[in-house]
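Chains here go by letter, A, B, C and D, matching the order in which they are written, and residues are numbered from 1 within each.
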Amino acid sequence: MTTIKDSVHDHIQVEGVAADLLDTPQVQRLRRIAQLGTVKLVYPSANHTRFEHSLGVYHLASRALEHLSIEGVQAERIRAAAMLHDIGHAPFSHNVEELLHRHTGLYHDDVEELIADTAVADVLADHGLDPDRVAGLIAGEGKYGQLVSGELDVDRMDYLVRDAHHTGVPYGTIDHERLVRELTFVGGELVLDEGNVQTAESLLVARALMNPTVYTHHVARISKAMLRRATERLLDAPDIDADVVRRMDDYDLVTALRMNDGTAEFARRYDSRDLYKRAVWAEYHDVPESVRSADPAELRDVEADVAESCELDANEVIVDVPAEPGMTESTSEVLVNGEVRRLEDQSPLVTALRTSQREQWRLGVYTVADATGRVGRAAAERLGLDIDGALVADVTPGVTATLDEFDGGAR
Amino acid sequence: MTTIKDSVHDHIQVEGVAADLLDTPQVQRLRRIAQLGTVKLVYPSANHTRFEHSLGVYHLASRALEHLSIEGVQAERIRAAAMLHDIGHAPFSHNVEELLHRHTGLYHDDVEELIADTAVADVLADHGLDPDRVAGLIAGEGKYGQLVSGELDVDRMDYLVRDAHHTGVPYGTIDHERLVRELTFVGGELVLDEGNVQTAESLLVARALMNPTVYTHHVARISKAMLRRATERLLDAPDIDADVVRRMDDYDLVTALRMNDGTAEFARRYDSRDLYKRAVWAEYHDVPESVRSADPAELRDVEADVAESCELDANEVIVDVPAEPGMTESTSEVLVNGEVRRLEDQSPLVTALRTSQREQWRLGVYTVADATGRVGRAAAERLGLDIDGALVADVTPGVTATLDEFDGGAR
Amino acid sequence: MTTIKDSVHDHIQVEGVAADLLDTPQVQRLRRIAQLGTVKLVYPSANHTRFEHSLGVYHLASRALEHLSIEGVQAERIRAAAMLHDIGHAPFSHNVEELLHRHTGLYHDDVEELIADTAVADVLADHGLDPDRVAGLIAGEGKYGQLVSGELDVDRMDYLVRDAHHTGVPYGTIDHERLVRELTFVGGELVLDEGNVQTAESLLVARALMNPTVYTHHVARISKAMLRRATERLLDAPDIDADVVRRMDDYDLVTALRMNDGTAEFARRYDSRDLYKRAVWAEYHDVPESVRSADPAELRDVEADVAESCELDANEVIVDVPAEPGMTESTSEVLVNGEVRRLEDQSPLVTALRTSQREQWRLGVYTVADATGRVGRAAAERLGLDIDGALVADVTPGVTATLDEFDGGAR
Amino acid sequence: MTTIKDSVHDHIQVEGVAADLLDTPQVQRLRRIAQLGTVKLVYPSANHTRFEHSLGVYHLASRALEHLSIEGVQAERIRAAAMLHDIGHAPFSHNVEELLHRHTGLYHDDVEELIADTAVADVLADHGLDPDRVAGLIAGEGKYGQLVSGELDVDRMDYLVRDAHHTGVPYGTIDHERLVRELTFVGGELVLDEGNVQTAESLLVARALMNPTVYTHHVARISKAMLRRATERLLDAPDIDADVVRRMDDYDLVTALRMNDGTAEFARRYDSRDLYKRAVWAEYHDVPESVRSADPAELRDVEADVAESCELDANEVIVDVPAEPGMTESTSEVLVNGEVRRLEDQSPLVTALRTSQREQWRLGVYTVADATGRVGRAAAERLGLDIDGALVADVTPGVTATLDEFDGGAR
């Protein structure tokens, strides 16, 4: 048994299979994967890692298992899944995940291979656990998969409160202890017990407020877009493979970007926080559906055209189109008057939060500081944006203020 | 200048008129007025007082004035109003406020008399401040009244974060420092500066989540209803006047209830937290409009009838009808793209929160523990409740669980 | 089982005998006993009560029992003792304890009678627990008494961290979770396990820093001395008995002081925080041994003489002589290299802290604000103080600053 | 003006020269220098960086300047020094500082060159500040140098509270706001104002408790010693220069260690936290003076001899001799009764803390896990240790427990 001091949950007691998993290179690597990727360029204290988060998720899983009276091999399997749930992350966590998925077909929770072929497999075998079932839990499969990856999972409980602690933004400060205590299974579904409509709402609200303030802060989005573009260029190099990049840590990726000719300028910009600025920042209803659903190749063409027309390097124009909002509908469930009800049917907040998401959606076009004006105009035209609504950098009066919207009070 | 250590804002520097006001009996009395009245029977750490809250409001007002560059006599007047804004509170804060209003015509922010006739007047005079204008600010009058009493006032910012600190319920943990920094005046209106839609939402959400969990927790409502009934009985005594009760502190009121024959049993119940239980807990749409808008005299008749039919003392049945929900509409304003917009028009959350309020509304009927069944049935019939929907204590199966709804995880 | 939300330990789960004890009037009364007495006049947020502290002590005791693998009836007895350990407190906790002891022969931990003759006895009987053994644990008797009342008891762990939370003074913020985890029994002695020299030191240091800053802050001492004097006068009244005062709560005592002619002025001063000031503030080596060991009657004579010579009312001069420092020697023990060692022999800090205590010792003479000068001189002479060293109010130049020593940054 | 959100001080307002310095590569590089080096291998949340610490020091310096009423160019110079005070740090902060000093003659506060020859110089010139005077402040020179680098500097105030926040160890939680408020200059000396003996003690005590628990935790020492040895080997490579290593960031150094044949095994061990174990852990009085004062070359000979005799690689034995304890005597000063006194003369704690330091001093010999026994014996003999006292790994019974001494509750 090992006891580890954590700045969020205080003492975390690590036992059984989890204690052995802790010492595998796959878990130790998470010490060098930033939990929030480039968000640290916005909130300088946000240097926390996937490693401490994994410990936190393991801790909350253990507490939940206690309250749910789940014991034995099933519990060990869930604790193992909690500890391992993020080992599939690429450097900078979600920042380059989509890009790597296009090359490898794998997301961060596709960990079967990682669990089967590494030191992790040996540890699981020592403890008599089936690697496939552990991987299944991480992918959210089965009744108990909901605890590790679902609407009420301990993953989200840990990251909200941990991100709040490390950024200093209080919105994520949920009552995680209450959440863990109130989890219960009804007919195979993980739900919150009677009297927890507000508890469930608070979880959704916390995420809804953290989203624009932290996770999709415009500076985080710009730096992430630049990192993604740089990594794309890195993958153009003959000797670097997406599978290798996926298993790098942050140190590897940053160093690789520094050493590669095609990406050195991006590395310099990252290192000195010399970021692109917004040329366009357009609301959902001002962006044609065809643009919102364009595939990466189409967007690369747009970028190339705009760059060319503005006499810029192709790397100097980035079009950043977020996924459609509200795609992931909330399926949280609560017990009300003895019935399992969807939170959505019980709380007007849930629908409102979904609408908010659409209101916060923004298409961004980013470029070097002295070209925002001409790139803004060229991009708006090429993308067929409604010029009046879309904010194009030097066209709209009062733009400086407006562009700071969602700024979270931070750089 | 005095520096005071506060558990919420750390060091509070009290200067000028505020330092002198601090030493008046009217302000010192607030040390013995519980900020949340009987909520301490739900959350045992919630023993904070109107005194420390007043210091906090003064502190935030000073910070806001700094950011707004308001100086001189106007600033002194606002700081005086901040320090004095709660001196009109009766014992147990809002708990018996409506009752006393029926007798005295005064709410807690009707403080003209208190400011004019006491040591407070002398202090204001010493500093050349007009008592009426200070009282006006406390009542929310004029441009600067918004800072002390309005949708974006520093009063709410302090109480949310202070109540969270002392109850342990994290929902009130707003980013008050950001709120204070982002206040600005546009055309005489106090609004939040560009980029603060989430900041404004977070304030509303915090209150919306604290409401059912803390402020209107059913145990807080029951104990408050009992205290109100007891105080009503106290006022029946020949020698006790509502004006006197209004100026009591918590110590006086509790002791008076103990010593008065008609209220001693209430005092015993309060002292040993031996509270009535819910006999009825009915949702908004199950309660006839005529009941929802009944005046106190009508409700007293209902109580008497039900008590009689159940062979109980008249004090042993309490019908508790909250005000209509959503009456106080949100008028928070934010600056968006250079325009002042009502938060309501900008944020789908605001409407949703109003709807939530109606969903959380409950009529309660409370009585002694062994009579909940018969009182529930009698009251439901007398009030014309939709029996199926309304929860009547021993009728509905699974009632224990249901009755714990909104329980905030606490007794 | 009841779950209670606490602002210090978050959710506290109360079970078994403790849940039933919670509902007794003896425990509920603690809601109205201020944990730190008049310290709230220095730190306005310090309104916490013996009730929430008792819950905290119960909680830490439960955690310690878990780590020590103590179960069954022994554990229930300890949990009962933890919940009940403070029911013997008089109003304002320690403030009038000595005074009442002179009249009743009882300290706050003399609870045999209280446990035997009240509702508490019935609850203990229901759970098959022997009242005498529970009272013994509270008095610190036997092996397990050390957990409830000893050098490493959970009482101290809770109060340090709780007082820090509520005053805002961080010095008490110990690592209580580590302390509880590292407790172990060696040969019947409760000690800290290997590797905890610093853990033990931190507990002593926390108390050593909280002492002058919070517990014996000069304003706390003055207001406590005034309360003690007022209560002494109250006991002079024909119809008021020390046994009755001992079982009052804060509300009772304050109201009694207000209603009694001989104490009304003290009550007014307490209510409006209109406190006496220091006339003398003398260091240990400047005070004759005979004064340091004088009994209360002798001091009353001094007070009367000084008051008379200064033409003041006898109530207007208070001589405040703290107990000899360092009487309670530290007997904390730690395991080092497999041996149980006294912390004192292991840590040079312990001896230093004892010396510090003597350096911080001060005799105080307090009086009305406009008489400090003449009372200072008269008292210094009457007590035979070394005038040069002793600070007498208007004699010493720069006295304002000096008198603020140990002021904790607060009023 | 920029406002930055910090998890320790909340909103930090960066203005004037500091805002421009923030954007220099020299300051941005600090984002990639771990504040506590390898301590993160003990406390997994301790991923904070020199960048956020520099912001914090700048913030506290600004607050102190306000309280001290220092304005104009002097204030700008101090704020610049606060922001820049750590730009001279090598990767992993202090971990390889001594080693690099042997090669370059520079410590982290030797920043003249860095300030003179880089973008920093341009910014200082733009603001009319003399680089040499800023460098002087960083080195602690002159009256105002005490604020930036001295016994009562804001550097220490920030790091204690920040390290506590990020490790989760509460001992560093000082009352930094009070400290900053109570600073004052008397005759050119920076001292704490009247009434702050405890405030000064608390700063020393915080450091004294953080030292063994965090900064010199044995796992931090082992990993630091391994990193130092690895960096030594790296400097043996023909193409790597100490000046270059000094200007690397953590990413560079870790990657360089991975890519260099002679250090790859160290890198692997660091990456997977596969650390050496203690073979010897000897107290001060058991180590001959000649060993305690041995120079690095002599210790390398010892290591080589022991390794050879145990048939290990020379890299597999590390002898770790800390500096003599108590060398840096405390010169904190406080105002008592209008006189400036050395805290040392006023507080018995100070001397005790110095003695403690010697008691905590340990010589360590580290090696691969399966060789601790034979290396322990060989090293003890070669170093002439008093075998009975010194803990040699497999010789002393009960050694596992003992070796965990000073373990801080963490891995």
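We adopt the following convention: contacts are C-beta pairs under 8 Å (C-beta built on N, C-alpha and C of every residue); 3 or more make two chains touch, one makes a residue touch a chain.
Bear in mind that the values here come from a model prediction, so they are computed numbers and not experimental data.
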item	value
Chain separated most widely from chain C, comparing mean CA positions	A
B-D compared against A-D, more contacting pairs	A-D
Averaged-CA centre spacing for the pair chain D and chain B, given as whole angstrom	51
Interchain centroid distance [CA atoms averaged], chain A/chain B, Å	40
Geometric centre distance via CA averages, chain D-chain A, whole Å	34
Sequence positions of chain B contacting 2 or more other chains	3, 10-11, 169, 178, 181, 408-409
In the complex, chain C residues that touch chain D	169-171, 173-175, 178, 181-182, 193-195, 197-199, 201-202, 205, 209, 212-213, 335-338, 346-349, 351-353, 355-356, 359, 397-398, 401-402, 404-409
Residue ranges of chain D in contact with chain B within the complex	3, 10-11, 177-178, 181
Partner chain A, residues of chain D touching it in the complex	2-8, 10-11, 23-25, 28-29, 31-32, 40, 43-49, 51-52, 55, 165-169, 250-252, 254-255, 271-274, 408-411
